[in-house]
Amino acid sequence: MITIDYLDSLFCKTPAEGRMLAFTMARKTIAAIQSDPEVRKELRPHYAKDTAQLIASSQVVAIEFQTIAMANNYWRDEK
Amino acid sequence: MITIDYLDSLFCKTPAEGRMLAFTMARKTIAAIQSDPEVRKELRPHYAKDTAQLIASSQVVAIEFQTIAMANNYWRDEK
Amino acid sequence: MITIDYLDSLFCKTPAEGRMLAFTMARKTIAAIQSDPEVRKELRPHYAKDTAQLIASSQVVAIEFQTIAMANNYWRDEK
Amino acid sequence: MITIDYLDSLFCKTPAEGRMLAFTMARKTIAAIQSDPEVRKELRPHYAKDTAQLIASSQVVAIEFQTIAMANNYWRDEK
Amino acid sequence: MITIDYLDSLFCKTPAEGRMLAFTMARKTIAAIQSDPEVRKELRPHYAKDTAQLIASSQVVAIEFQTIAMANNYWRDEK
Amino acid sequence: MITIDYLDSLFCKTPAEGRMLAFTMARKTIAAIQSDPEVRKELRPHYAKDTAQLIASSQVVAIEFQTIAMANNYWRDEK
């Protein structure tokens, strides 16, 4: 069973805050699929030194951020 | 023959509920392509310990969620 | 020469029907590129037991579905 | 030097015609990058029997089609 | 330091011109990350004969083109 | 803990400036996941000579740029 406790809202005050949420969403999704924290700890060194996986991770963050930016109307009202 | 019994609607009360649906859609798609539950059970340990596949899975969830978030107008009315 | 006989319209009565179309589109695209049904039959066991390929397939379904959901205005009128 | 002789317009009468254009765009892009037809002929058997590459190809078609479908307003006026 | 000298505007007179810009953007991004022209020359034969990489390249062109097509409102005014 | 100090705003005066921001976002995401600058320095030669990874990197830049271009309404007002 997956619990989503990090997504009360897609609205963020600033682009930087929105970017933080994108990181959180990407990270929590991995944690939901591989729910054992011990296993995740073991896995981390592998991908953090594998550039292909770092690039793939950054793509996930880019996609999540696109959704968040749309939701916040690109923070146009802050302009 | 594929049966879709998890998608009566794209509308979800909250972003967290929307995220749950994204997970369900991603998981059920795999199950539709590899319909043998025994085979899926055997396969699971492989990808749950392979960071490249965990990242790829999280990308699928991100894309499904983008669609769901659009459908729900990013839960703007909840703001 | 490719024949497209499964795409009279992008309009679907329900999200579930839209999801079915996404599966069809993904499957028929493969069949158009590898048009020999005998070869496809041989290939199927390979990818159906390869989790990386199952995940990649589910991403294609997610993208096709996003297009279909947009076309149907996310079935908002059904709400 | 790349010549684009297949893209006078993104407008297509039907979704099926739009799908055909998506295939053309995907195929012509490959041909533009690997412009030697002899090399392409040699390469084709490799990817047409490699399911991972068939899936990757179908994803490119899905993305091109999404653009074409948007351009044609999802053929809503045909409804 | 990256110099962007190919992107004065996203506006293009025709879809074909837009497609050309998509190729340029994809190519120039690679050149910005691997800025040594000698190294790029050495690398080119590798990916131009690797179908998986040709497909991946064509996906980047498809994504860049989607942005350009949106910017040009799909060249609807040319219809 | 991730610090986002490069994203005060998604608004950029020109497409070229927007492209620069897309590069920055892609690069900073990698740096946030692999936060050790020494490790990143060691990793760089690997991916900068691996065409598959150069292509994957350019895809991330393309996705980030799509978001930035949307935010800036494709710099239409500059036309």
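Here are a few things to note about the model shown:
Order of writing sets the labels: A, B, C, D, E and F. Residues in every chain begin at 1.
As a working rule, a contact is a pair of C-beta atoms (placed from the backbone, for glycine too) under 8 Å apart; a residue touches a chain by one contact, two chains touch by 3 or more.
Just so you know, these numbers come straight off a predicted model, no measurement behind them.
Shared contact partners of subunit A and subunit C comprise B. Chain centres here are means of the Cα atoms, and by that rule the chain farthest away from subunit D is A.
Farthest from subunit E, judged by the mean position of CA atoms in each chain, is B.
For the self-contact between subunit D and subunit E, the two sides draw on mostly distinct residue numbers; the shared fraction is below half. Between the CA-based centres of subunit A and subunit B the separation comes to 16 Å, rounded to the whole angstrom.
If you average the Cα atoms of subunit B and of subunit F, the two centres end up 27 Å apart. In whole angstrom, the spacing between the mean C-alpha positions of subunit B and subunit E is 31.
Within subunit D, the positions touching two or more other chains are listed as 52, 56-57, 59, 63, 66, 70.
If the chains shown are joined wherever they touch, the resulting network closes on itself as one ring, and no chain has more or fewer than two partners. Put simply, subunit F touches subunit E in their complex at residues 14-17, 19-20, 23, 48-49, 51-52, 54-59, 61-63, 65-66, 69-70, 74-76, 78-79. Contact residues of subunit C toward subunit D in the complex are 2, 4-5, 7-11, 25-26, 29-30, 32-34, 39, 43, 46-47, 50, 52-53, 56-57, 59-60, 63-64, 66-67, 70-71.
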